[in-house]
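A, B, C and D label the chains in the order they appear, each numbered from 1.
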Amino acid sequence: METARLETFSDGVFAIAITLLVLLFERPHLSEGQTLGHVLLHQWPSYASYVVSFVTIGIIWVNHHTLFRHIVRVDRLFLFLNVLFLMAVAFIPYPTSLVAQFIRSSHDARPAALLYGIAMTLMAIFLNTLWQYAARGYRLLAADADRREVSGITRSYWPGAAIYGSATLVALWSPAASVIGYALIALFYVLSSSLWSGSAS
Amino acid sequence: METARLETFSDGVFAIAITLLVLLFERPHLSEGQTLGHVLLHQWPSYASYVVSFVTIGIIWVNHHTLFRHIVRVDRLFLFLNVLFLMAVAFIPYPTSLVAQFIRSSHDARPAALLYGIAMTLMAIFLNTLWQYAARGYRLLAADADRREVSGITRSYWPGAAIYGSATLVALWSPAASVIGYALIALFYVLSSSLWSGSAS
Amino acid sequence: METARLETFSDGVFAIAITLLVLLFERPHLSEGQTLGHVLLHQWPSYASYVVSFVTIGIIWVNHHTLFRHIVRVDRLFLFLNVLFLMAVAFIPYPTSLVAQFIRSSHDARPAALLYGIAMTLMAIFLNTLWQYAARGYRLLAADADRREVSGITRSYWPGAAIYGSATLVALWSPAASVIGYALIALFYVLSSSLWSGSAS
Amino acid sequence: METARLETFSDGVFAIAITLLVLLFERPHLSEGQTLGHVLLHQWPSYASYVVSFVTIGIIWVNHHTLFRHIVRVDRLFLFLNVLFLMAVAFIPYPTSLVAQFIRSSHDARPAALLYGIAMTLMAIFLNTLWQYAARGYRLLAADADRREVSGITRSYWPGAAIYGSATLVALWSPAASVIGYALIALFYVLSSSLWSGSAS
């Protein structure tokens, strides 16, 4: 019951953050001699950013969902850890629109890619913290939660922040490479999940 | 339980995408000598686009709703197919605002109508894929799902993508005709559903 | 079950439309010599419009909620009538922002007040249609629904559209008077509900 | 049942208001010679405002959540009191963006900090009113609600409005001090809750 309302609230934030991504597409103001067709083709980084962030938030939602299958109660600190986590999720549309706008700029791609990576790294850290807090000594888990599954999640969450942190550092050297990295992380996760999908339902 | 949270999340995205359509109405900045009355009348394509896209997203929601009456479990691949589908739904407000803004332009109506059609075609393809994946070998359906109803849905979903794809191609020749086509698809669906409505509850 | 998902979806649209009202407050761009304090005081019509539309959408939500206590099943035509109704609700933020922006203009207050009234009148007509369709011959009601309560709702819904229609016509003569009318309708409804509140739960 | 739909609707408004905070980050339009890196560092008040308002809305959500564990029925007046409360919550993104934009301005920080404080004070007053109305004579509470817990909530809610009101008055003297006050209120609440967290679940 407690967890039901928390999940509903969290799902609301996920659904809004993911749908607000469409606002990165600003209605074009055509200058003299520009055609809409040219503008729409020229904004391919917006389509790519939209797809990568949409899939990434979708993956985070699936992960959050997986955690809550094991969590049976909440306390106030957990509620606030969840608020911190949602704060990172709800922020994602902003760096997404920056990457879309500036990835082709020689001077400004770097800070855009860095902010995107920092947001993702924070999100991964907060999600991990949320789980570690709940799982430490089975604080918020069912007493009969499957021990192997629980320790499997615990192990699988450590690399997330490290991988996003590394991709973020790559932005210092090559913003384009780091952005490709963010896309590959999402792609890798979708592919690996699909391979497991027979047994993960 | 699994499907409940997925439906709630999907409904959230539907509800937000459909409500964000109102943002296609930008607050007018009147130039010298322009009156608000004239501007409001002159923006009739915005009202028409709002109605067509609102009803279309409403129809998609009803269809998604219909699928989930038969789906009783989900796996990870299905979750990601659903994310792809929602990605197309959440995108709709953008081409809607482009059609509203550019449909009267001689040069720019074509790309706007094309992008609208591409979004709708992708959405129809993803919805169909979602269902085919769930229904193939009753993978995610109840064992006792009504066989006639299931194969009825399977048959009825193939034409959707083809019809939207055709209307999209029409945009190459006449953007206005394709936009009228998008409106007629929505109207046809509402009318035909209403005729069936006694038996479809 | 059927009605549960429809109510959740409708509540989502209500919640988003009511919260998007805040977007009528644009971040001010101060011109030379303007102070923020002056701008914030000068935008009192925005605060008033925000309050009136927020309370009005709140009232509509309560009414919709009341209908669904009696409705136990849905059919496809009802689903589409509900979509039409939600289309009017989701539109409200736009005329609200127009009234806030133009109510002090001598030329442009009239079309803003008219569009606001037309939106409210349509919303009242669609809500009434929704109920008449469900209640005609107890089509979608429980067989044991309280007959007095049902015919009470049926009677109480006719005046809504007429009252909003009248206030809209007043805008042709005096936009300010019609806007005060919209506010009084909301106030009247809240006050009369509160008087009944002991017995209406 | 009654309270379930009210909670869902309220949670929707909370989730949207908290997620709309991201819109305070406007996509930067770089002027000649400006770099994105400089703009992103220079907008630190936006990050700070985002964090403070996000955590504050999160806290309000937790509090609202706590109230509804004791409330078992609603009446119409309670519904409208809840609408007033949500009206204050949904407004928060606007003063948040004003504080972010103007806190470094010598002339315009004061009205921004004042409006932020007024919004928070109103929100606290409405939340308190909501609870007092429900708890007076156990009007909307379960007959067997824990008397100590109920009177504990009643006592703990009086200071909220007074504390926000005081921080608002501080803005007349020093906008910066009042904004630091708003942040400390949120921080204090999170810390004190965490200390209690063992027993508050």
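Throughout what follows, a contact is a pair of C-beta atoms (placed from the backbone, for glycine too) under 8 Å apart; a residue touches a chain by one contact, two chains touch by 3 or more.
All values derive from a computational prediction rather than experimental measurement.
Of all residue numbers used at the contact between chain C and chain D, under half are used by both chains, marking a mostly different-residue interface. Centroid distances from chain D, each centroid being the mean of CA atoms, peak for B. As a whole-number value, the distance joining the C-alpha centres of chain A and chain C reads 36 Å. Distance from the chain B centre to the chain C centre is 26 Å, each centre being the mean of its Cα atoms. In chain B, the residues that touch at least two other chains are 8, 12, 15-16, 20, 23.
By the touch criterion given at the top, residues 2, 5, 8-9, 12-13, 15-17, 20, 23, 26, 73-80, 83-84, 86-87, 90-91, 93-94, 97-98, 101-102, 105, 107-108, 110-112, 115 of chain A touch chain D in their complex.
Across the complex, chain A meets chain B through its residues 7-8, 11-12, 14-16, 18-23, 25, 27, 30, 35-37, 40, 50-51, 54-55, 58, 61-62, 65, 190, 193-194, 196-198, 200-201.
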